[in-house]
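The structure follows.
Each chain carries a letter (A, B, C and D) given by its place in the written order, and its residues are counted from 1.
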Amino acid sequence: MDFVTLILNLDRKIIFACVAVLVAWPLIWPLSMPVGTTPEVRSIFSAVDALPNGSDIMIAADYDPSSKPELQPFLYSMLAHCFEKDHKVHILTLWPGGPALVQQAVEEVSKQYGKTNGTDWCFLGYKPGNAAVVGGLTNSITGTYPTDFYNRPTANMPIYQRVQSVKDCDYIVDIAAGATVEVWIAFASAPENVPMSAACTAVSAAGYYPYYQAGQLDGISGGMKGSAEYDVLLMDKYPNVQGGAPRVAGNAVKGMDAQSAVHLFIVLSIILANICYFIANKRQREERRTA
Amino acid sequence: MGMGKRILACMAAVLVLLPVHAMAVPAPADVELGDVANDDGSALAVSWNWNGTPAESDLFSFEVRINEQLLDHFALTERQQKTLTDARSWLVGQIADVLTQRDAAKAEMDAAQSALDQAILDKEPDGTINQKRHEYWQKYRVHKRLDHQVNRLHNAFSARTYAGEDLRLKALTWEFLNEALRSGKEWISVADPAPMASVGTRGDRSDLFGVNSASRADAGMLFYTFDTISVPNPGTADSSDEATGLEQFRAIPVRLVPDIEYQVRMSTFGTVPANPMFPEAEAGGPQLADVVQIGTAAPIGNAFDKSKLNNLIFALLFGGIILTFIILARRNPNMFIRRIAGLEAVDEAIGRATEMGKPVMYLCGLQSLSELSTLAAINILGRVAGKIADYESDLIVPNRDPVVQTVAQEVVKEGYATAGRPDAYREDNIFFLTDDQFSFTAATCGIMMRDKPAAIFLMGYYYAESLLLAETGADTGAIQIAGTDAEHQLPFFIVTCDYTLIGEELYAASAYLSREPMLLGSLKGQDIAKAFMMAIILLQAILFIFSAQWDVLRDLVTPL
Amino acid sequence: MIPAGEVLGTWIAVGLTLMMFSFIYKDNPAFKFGEHLYLGISVGYYVNIQYWSTIYPLVFQAMKQQHNYWVLIPTILGIFILLRIIPSMSWLSRMAFALYIGGFAGYSLPLIVHSLLLPQLSQTLQPYSGGPGPVINQIIILVAVFSTLIYFFFSLEHRRTVGMISRLGIVFIMVSFGASFGYTVMARISLLIGRFQYIIESGHIMFPWTRS
Amino acid sequence: MIFLKRQLPIIIAFVAGIMMWIRYYIPSEVSTNLVDGYLEWVRIIVGFAAILGILSLLQHHMLKIRMKRPGFAFSYVTIAAFIMMTAAGFLPFAFPGFAEKNMETGSLFNWLYEYTFIPMQATMFSVLAFFIASAAFRAFRARSMEATLLLVAAIIMMVGRVPIGDLISNATPAFMIGQNEYHLIDFEEWTGWLLNVPNAAAKRGILLGVYLSQIAISIRIIFGIERTYMGGGD
């Protein structure tokens, strides 16, 4: 059997084993490749950073465990960034699978920064109905969420004495695994002129570029790479994040070595397999001609 | 029926109660600013208005009038008076500068034009004429840009303008404000919803004037703006000369609660040593210098929001077109739809399958029958079944949904009957596998490996399993034709299949085959709307060739 | 000291992860078991979430604490929706769906025009500025949007000029799908990395004595 | 009865749709309260609709057990897991061995979420990474002009958006044009252009079509032409 046929008929299990090794190896023995940042993520960072301390940020964490590795690190970094800047954080989720993930993140990070629930941040929890919730928030936050995730009435919270609706928020960040970015643009950001950014799974990142290009989104962070970039930007500007919040600085950056390795493997295999495919095709044609 | 009538009454009550309920809930409304009246009925600074487009001379008398009124009406401190006067003269100076520049540009343009005319009259060589024409266009553009700038500046002068009866607030952006601060001018500026300490340090947004809901308890500390605007981040903003000339001002709609009295204030910026009013403000930097209360106003709600006119026109027009075409399609279901190349590929694939004497496999996607893509897949299945009956090959249809399975059986049976081969139809070949996503995938892949179908059709909606199905199909060497509106799966299909119906093409194929008035009418209606959009884009391109600055089309479709 | 619940939980979590991974070998009973377990757990989870975040606060608490009895009307409509699983009563659910889907169609229609359609269209008509590079990009965008629209335009045969423009459209569509494709590959690998990270990190919890 | 079953829903959809549509153009307190109240109702109705989806799934598994369809034994697992999870959330007291009740941190419910729900859901899709690698060898072929373009763009994206792309770019020879330094291969520049220009434009073309079809569906629903939401039956 020659090389071309070998490549084209390579056993699946060998390929699977290669992928497993390429993922595990850099995680156990990191190469620590430097993570470069892209303008899309830098502009999210600078938008949040440029807001004066104490601004109100609406964070929508619309994802569930199936995209946890991609988006959970972003939520950690975003929360750390907001608390570092003393921003008031209003956080909610439109995905039923999300609340417990957000709860973990917000409780952990707020504890590290010594922030008070109800004064510095509020986790509003989950409500079904995507656009019905976002539309409601443009009228009244406390009307849409009479109670927060912990079932306490929101109307008495200090944080909602100043802010009535999304209109009063200074920024919206949607961390989305699905199509909720469009919902936030259509029902909150565009009609109420609140600037917004999106961090989405890599699957949908390319699809949101029309909004980025049109200025409807300040920035886009795509998948684990975007989260890693945000980590890097955050740690560059606020070095104490690294020491103070171990889970913040993190997992996304560590994953980038494995990501590079597997990408390289897949790219090389596509190129190699296609070359073999064309050689095999040519041979076949020649055989047919001689026959 | 007694029961039925009672329920009917309940339903009717619901419809009546919904608006009643809405009226019963007191909530802050979100309304376009109507007419602003002052508490004492006097004409205060807020009611600056004029009708129609003012001549340039109006501009100046208008501006002077405002401030005189202001100065008369309120006991302003000397400092405040000075600030306002300085700011006014700065603005006036700006406008005067631009006006001078524009007039100079106009003169240059006219000169260039006459030079061009002369060149043409003198029958000079083409090269020279072209160069003169080029010069003329350049001058024309410069003039046009300055002309725009005059208009924009002029709009910035007023807190609100009446363009016809349309009411808008013009706001200044960050760059403009910063330039003013850098040049050491004191400047009429910017309100901010954040606490006073941070006013002026805010990086990327600013409005000209602010209002504060007088009914709020701590009105002194909360300064509520008309609205906030988002301005391109200074780091990434387009800093070319045209952008700074034209994009400094941005119109934003004013949103106030009607019938609530607002305090209207004007805040001034300046380099101040320290301000007893705002001890938090640091000395030295550009800080908020003074806040002047210039009156109170209560907006009145309008009956129609004119800023949403282009929206209404578009929605009504498009809605009307869709409805009309659905009605037309009911009368004449033979409306023209272009050939769908993918459907021809279907016929070809079936032909090749027959030559090889192998079966054909067809999947209708993983969603239920109520989804449009599944319906489209079923419609295409009818066509495929007819062709297969002609060629006498086998058709295998594994299903994930029992309801889809039943309908698929009917469609295939009909296809065979229409082709005149009802005897060739085998019901067992259209079967239910399992409803479980990955088990269904594994089982289908198993069938592909075993039966090695010559052609595989993947129509309808797919999730992550698309890759597994298409990979196995490609491995068996079958001709694969896919059609899906699942955008995330489309790339996988394109690289693994021989032909792919992309998104809307699937619906179009379905409408083409089924001639269902609803699908057909919508498709045609959407085509008309697309034609409208394409016409605008084309027109813009043509205008671009002839003159670089033309905002009319864009303004037409920009949401207000 | 790690709590016993965490150690046990981590063992279970890693076990379930491996069970799901067994699908790459082939579809097997262990995977089927895991899949069905997941289905049951998720359904139980969603029931809880829907109840505690919607029905409990918006209906029961609203009536008990704020004495807002208006919520009874949507609650009755909601119960109508649940009647869909009883075939003879399923028609009642239509009333609720009609109010919800019909009203929502009306609610979202102008907002789609305002927030999505018109801005996207007007941004395509941006003024040309910023030097030769950006202007060329602007023109490419204009051409690409136009030709993509032509590709999905079904009232003209794709022959001659129209055919050429639609071929151009397909070029742009393919490049954009390529970008999506690259990103999708990235996403799937990220998820795998996440799982591997979890398994590697769990080692110290599963075998507490390995912690230094 | 036919009026109730067929016409009335259409009338409700029409009235509600038109009301919600027109109110957008009318800036008054009533119009704002109308939409506020309507959205409040919808949020409750949607809550029930979500439960309907859940119930019909359970009903399906019950049916599978009753009909003894292939693989019905696994449906017992689903039902048992459902009962366990539901009970964990609804129990009015803390489950023995756990500190909290209901959905609080430290409850049985939370424990189950953390150690069963998260790992299983997260693993489901990560499995696909393996299949992508094998498809790269077996199925991703440049069999047409379209597929070739797609693959080239994808390869640039895959290399260019991860750290190794930066390493490769920096390793290539650099040259100066005017004031700026350019690398022979500059993945950041290339991917940025690819995403922001051709990708954004083509996606915009597709999106414009999608918005139009969304609007068309809304119109069809309001005017009672589209009736799929009514479900089957008479």
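We take it that a residue touches a chain if its C-beta (ideal position, glycine included) is under 8 Å from a C-beta of that chain, and two chains touch if they have at least 3 such contacts.
As the structure is a prediction and not an experimental result, all values here were calculated from the model.
More C-beta pairs touch across one of B-D and C-D than the other; that pair is C-D. In whole angstrom, the spacing between the mean C-alpha positions of subunit B and subunit D is 22. Centroids of subunit C and subunit D (each the mean of its C-alpha atoms) stand 1 Å apart.
Separating the CA-averaged centres of subunit A and subunit D is a span of 15 Å. Averaging C-alpha coordinates per chain places the centre of subunit A 24 Å away from that of subunit B.
Annotation for subunit C: residues touching 2 or more other chains are 23-24, 32, 35-36, 42, 45-46, 50, 52, 54, 58, 70, 73, 77, 95, 99, 104, 107-117, 119-121, 124, 141-142, 145-146, 149, 152, 173-174, 176-186, 189, 191-192, 194-195. Of all residues in subunit D, those touching 2 or more other chains are 4, 8, 12, 15-16, 19, 21, 24-25, 32, 35-43, 46-47, 49-50, 71, 103, 113-114, 117-119, 121-122, 124-125, 128-132, 134, 138, 140-141, 146-147, 150-151, 154-155, 158, 161-162, 195-196, 199-201, 203-204, 206-209, 212, 215, 217, 219, 231, listed in ascending order. Contact with two or more other chains is made by residues 16, 19, 23, 39, 66, 68-69, 96-97, 99, 127-128, 132, 135, 139-140, 143, 190, 203, 206-207, 210, 213-215, 222, 225, 259, 262-263, 266 of subunit A.
Under the stated contact rule, the graph of chain-to-chain touches is complete, every pair of chains being in contact.
Within the complex formed with subunit D, the subunit B residues making contact are 1, 4, 7-8, 11, 14-15, 18-19, 21-32, 34, 258-259, 301-305, 308, 311-312, 315, 318-319, 322-323, 326, 370, 434-436, 439, 464, 467-468, 470-471, 474-475, 487, 491-492, 494-496, 498, 503-504, 507, 518, 522, 525-526, 529-530, 533. Listed in rising order, the residues of subunit C touching subunit B in the complex are 23, 26-27, 31-32, 35-36, 70, 73, 77, 92, 95, 99, 109-110, 113-115, 117-119, 121-122, 124-131, 134, 139, 142, 145-146, 149-150, 152-158, 173-174, 177-178, 180-181, 184.
The touching residues of subunit B, when paired with subunit C in their complex, are 7, 11, 14, 17, 21, 24, 238, 240, 242-243, 246, 308, 310-312, 314-315, 336-339, 341, 436, 438-439, 442-443, 487-488, 490-492, 494-495, 502-505, 508, 523-524, 527, 530-531, 533-534, 536-538, 540-541, 544, 548-549, 551, 553-554, 557-559.
Per the touch definition, subunit A reaches subunit B in the complex via residues 39, 43, 46-47, 50-55, 138-140, 143, 162, 164, 167-168, 170, 190, 193-195, 203-204, 207, 215, 218.
Across the complex, subunit B meets subunit A through its residues 27-28, 30, 193-195, 198, 201-205, 222, 227-230, 232-233, 235-236, 252, 255, 487-488, 559.
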